[in-house]
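Presented below are the structures under discussion, each in the form of structure tokens.
Two complexes are shown next, each including subunit A; its partner changes from subunit B in the first to subunit C in the second.
Right, the complex of A and B next:
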């Protein structure tokens, strides 16, 4: 069994190095480095979105497609407050608080009514919520080119001779530290233990007296805060458009799938790899146009790789 | 012969009347803007019917439907601009090519289901979105992608429907045919197979159903109607835009199909109406179309939480006054003499990782009814799963009537004559008792009237003849057990295995079930293996019994002798030896 594990890592490394050298063949190192760094930033966003979903999915069994919409609502509010001249850090806080409130609203009001349904129905229901949030946000802020920028965009640091904006650095570091933080939270605290118990078997956990409502509310809260932060960074780094940010959940799901909706470290690695490959595809003339497809192709291959040799004879919970 | 095949249900009649109304009235009273809106509503109705059918019949969520429409539309435009073929030929080609794409989508469905399947189809939709927005749709340009930046070339319409009005009528006819195609499948063998697969793939396989084939088939039909829908949309507009086929639209059409009611034709119509007509109306009234998202979202949440059958289910529930048809009686066919056979299990070993679940088990069952007992975790069900073909073993064999069962695939064993029940009865709720049993025979080659007679005979043996027309969901747990037994009796069974058939039954019901099992050999000639914890039942009906403990055979022989064995008493009753 253990050998298998190492084999997977070796295959992963070989494939990544192969793809990077294939795409970057004959290009100056500086250019490759540039795309690599911007890929890491985009990948961190995918990973952040995926991490938010996986934390929630493990604890509550809900795959929340409304995370993107919550982030979109948050960052639009931050933009609006910024236009009104509110002190910038307050607007960022407002973004995260709004996303948190949206997430908790669903988690407390709607999710419990669907607790007994199968995971796919729960996921589809969150789509309904995402549409409501998206509809309201698009109604309030009609389609108009806007930009949102953080003061950290203008500050850059030099790493190995490459200039990296602090925003990108923050995004990357945040995704790594959130994974590490949640790892310790899950393994060291009582609530973390309870979350792991819920992830393992919800019915048994309920029987042995785990306060499901409390633990779930905390999980909805964590995922709401991550969604708000992701929305803020996405609005800054990619585009400030509610629809685009809402449907960012699709590549986020791709990252989450790489971790089998379970393993946060793999979600992070998956998200980062997707971002890097997508970014480096810009170097290829033929594949440039379809580079956003990279996350989906990668996720599909990973899923099929995970599922090889398994048979569907006996039902699992999903 | 197919008495039920052409029966028109009240809901179906309403659907046909609606289609006729749409065909005759709507095109003649609509202005040109609304003609186009109604035509695209027709196209999306057809596409929605495809996803709704996958969801309602197989419980599979496909979030790629609008992407597949895009494929159909792309092929349609491509063929139109590349060759001088008539619309009809291009149309059929577009449908068939999209069907192939649908079948490719079925590949992950063979290994995944539920949430993961939905996610894979979502990825596929994302992929289609990017390809369409990057390469655009052919508009008469050169090369494979066929795009040019200036005006598009003309698009040929079907010769029956050159005008916009005619094209709307054409769309309505095709959509109606699409619905009839799906309904036809639902009423025949594929419909029964799908109902069983949705209930349990293991049950479907042991009923002799080729799960791979039927899943792929379902995706093919869904892809076919999506392709037709896309081709019609191309025909209506003359050119297509990548923005129409975004992943979010695929998600939306699925969500709306659930809101509308996936089980009904009306649901698909409502879904398309919500998708196309509501935004147009809001637009006409000067309301921001973004608010339609809010309506859709709220509708979806409402439907999922309170109305599992959607709006259509609520409407149909209001209008339902369905008279029950009198069931006609069948004559029981004489019991065919089955082959007399022994079940010879040789050296079966199964390991799950480091755990030895079965350790070199051998036993030769020769009596009509034999038992397998042992404490929890002894490997009883695992042994049954090896015989059924759900768990692979290491180099053992199961010989019966000159055939090594382990050399056959799971569903082939069903055809050979292996039958089994599961710890939980596997009765599809939405099929009638008769159809539940009939599903077992669908994969077999025998004349239809013989199948009917066989089903009637099995139901009579099980004492369920008078309930033959009831739906699975209206049975109590004992009746479900009896139907489960009846399912094992059809199609010349050779070996029948029951896994804890008496679980959850009262002692009186257990007695009746025991008598039924004892009568099986006389009716069908099949050998029966019974796993149960009820030692009274086992010692009453089984002549021979195999005792397992921790994957090892600890005794085998005459039941009374085996039960008296001190080793068995120690393992089973927890008495210390010596």
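Right, the complex of A and C next:
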């Protein structure tokens, strides 16, 4: 079994090297480096979004499509407060608090009423909630050119010829830190243990007295904070458009699927790989048109590879 | 939202400064000062308004003008019943909107249309139903290469050409990278003539195409740089163009390239959004008269908007364009036999016969003609983003491209040259 695990990693490395070589064939190394680093930056955003989804899914069984909308609402509020002259750190805090409030509102008021429904019903309900939040945000802030910047945008380092701002480094490091932090939280704390128990069997967990509502509220809270932070980064690094930020959850879902909605390390690696491949596809005149679907093709290939066994990813029971 | 009011206030202030006289009321149609009470004449308008973009400014302005006309005698005493539909960027809704206005409501013409979708879906319907669309916010080829659609705005193709031509002549551009949408009737259609122009003038060009939903504009920028271009043309809506500029700022590329853009970047909120870093470094083509020009039509547009539009309605190029289409339409109806203004075929015939309306909002004459293509507006202004605003760096100039040869031939046949 251990050998089989290693085999997966070897295959992954060979495939990635093969793809990078194929797409970068004949191009100067510097150009490939530029696109590689640029892809890592976007990939870390995909991964960040995916991690937020998986953390919640593992504890509550809800695949939350509203994370992007919560982040979009948060960063729009941060922008508005900035326009009104509020001290910048307070605007960032407001972003995270609003996303947290949106997440908790759904988690406490709506999610418990759907707790016994199928995973697909729960997921689609969050999509409806996302559209409501997006509608309100679009009503409050009509389509207008806006930008949102963080002070860390001004400072950067050169990696493989590309200037990488501290904001991008923060995003990348935050992705890794959240994966590590969540890993230890789940494995070393009582609430983490309870979350794992819930993820494993909700019925049984309720029977043995695990405070389901409390544990789920904490999970929604963690997810909301990650959504707020992700929104802040998306607004700065992608663009300050609520629709774009809201639907960044779509490639994030692909990253989450790479980790089979379970393994955070795989979500991180999946997200980064998607970003790199998507970026390098730009170098191919033939294939650059398929860039938008690249994350989903990758997710499908990963699923097919892992589904060689019998485990179901979206089933109620494995 | 606040910026909209600020824009309106700025334009209003500019109008007083330039006019040096008080405008008691806007001038509209027959200008009788008596409200029209006769049987309404049905006119339609379709815009797209849903995330990610709002193209309703043109129909807002057209409605304001029609309301003003209705309060001033209408069309020989008959008011215009202006019915507006929203396609919400949905082809199915766009088709339904056209069917509702053209077939059910019996509109005699459509005025002020603004959409990315509607024209591509409905161009065939308009031809079959023999109805003219005097559009105002067009961005795709079907809008300019159809028999029954004519727009007062230029769309990206001429505006790109104007920006590239200025950059080649004044800023020393030799190789232009055009970053546009990967939509055949928008990006490639409007970037290719720029490449052709640059090659015709001994330079070179390339296009980098973005998927509209793609979050990552950095790759397109890197691709543009890797072509060896010395000029970056941002053929994108303002939001995405700003994202490109932000990615470029991240790489500190400002002084390494010449930065140009078509009209979408001519928005008074853009200089503030892009910040001090880009001051004086971006050149934008304007397809209609810049707001500070202040000619009679420009001032009347402000008066009409102030009197009849909502304070929240945008005062931008598309609004100018919607106003202009509405004024040309009303002028056409007023010149017709009053008995014929309900007859769609005769209204269509009258619109196609327009040959040489002029306005200080447009550099050249407005005409229609009975052809399978219409692009009367192919001259413009060049602006520089400077000190939080826009400075005019080149007054009205005609764009140079083989693409316009058929249009110029029509203008010659109409005696406009």
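General observations
By definition in this document, the second predicted complex is superposed on the first by the 303 of 318 C-alpha atoms of A that agree within 3 Å, B and C clash if a C-alpha of one lies under 4 Å from a C-alpha of the other, contacts with A are read in each partner's own complex, and residues count from 1 in each chain.
Assume contacts are C-beta pairs under 8 Å (C-beta built on N, C-alpha and C of every residue); 3 or more make two chains touch, one makes a residue touch a chain.
Note that this is a predicted model, so its numbers are computed, not measured.
Considered on the superposed subunit A, subunit B and subunit C are sterically incompatible, since they clash.
When the shared chain is aligned, subunit B and subunit C each come close enough to touch A:289.
Using the contact criterion defined above for the overlaid structures, shared-chain residue A:134 touches subunit B and also reaches subunit C. In the superposed pair of complexes, A:262 makes contact with neither subunit B nor subunit C. Look at A:201: by the touch rule set out above, it reaches neither subunit B nor subunit C.
In the superposition on chain A, contact is made by A:142 with both subunit B and subunit C. When both complexes are overlaid on chain A, the residue A:247 reaches subunit B and subunit C alike. Look at A:31: by the touch rule set out above, it reaches subunit C but stays clear of subunit B. After overlaying the two complexes on the shared chain, residue contacts for A:165 are found with subunit C alone; subunit B is out of touch. Annotation: subunit A residues 134, 138, 142, 243, 247, 251, 289, 292 touch subunit B in one complex and subunit C in the other. Of all residues in subunit C, those touching subunit A in their complex are 1-4, 51-54, 182, 209, 211, 213-220, 222-223, 226, 238-240, 242-243, 246, 249-252, 267, 269-270, 273-275. Residues 31, 34-35, 38-39, 41-42, 45, 83, 134, 138, 141-147, 149, 153, 156, 162-163, 165, 234, 238-244, 247-248, 251, 275, 278-279, 282-283, 288-289, 291-292 of subunit A are the ones that touch subunit C when the two sit in their complex.
Of all residues in subunit A, only 1, 63, 110, 113-114, 117-121, 123-125, 127-136, 138-139, 142, 243, 247, 250-251, 253-254, 257, 261, 289-290, 292-293, 295-297, 299-300, 303-304, 307, 310-316, 318 touch subunit B in the complex they form. On subunit B, the positions that touch subunit A within their shared complex are 61, 108, 110-120, 122-124, 126-127, 130-131, 134-135, 200-202, 205, 247-248, 251-252, 254-255, 258, 288, 290-301, 304-305, 353, 390, 410.
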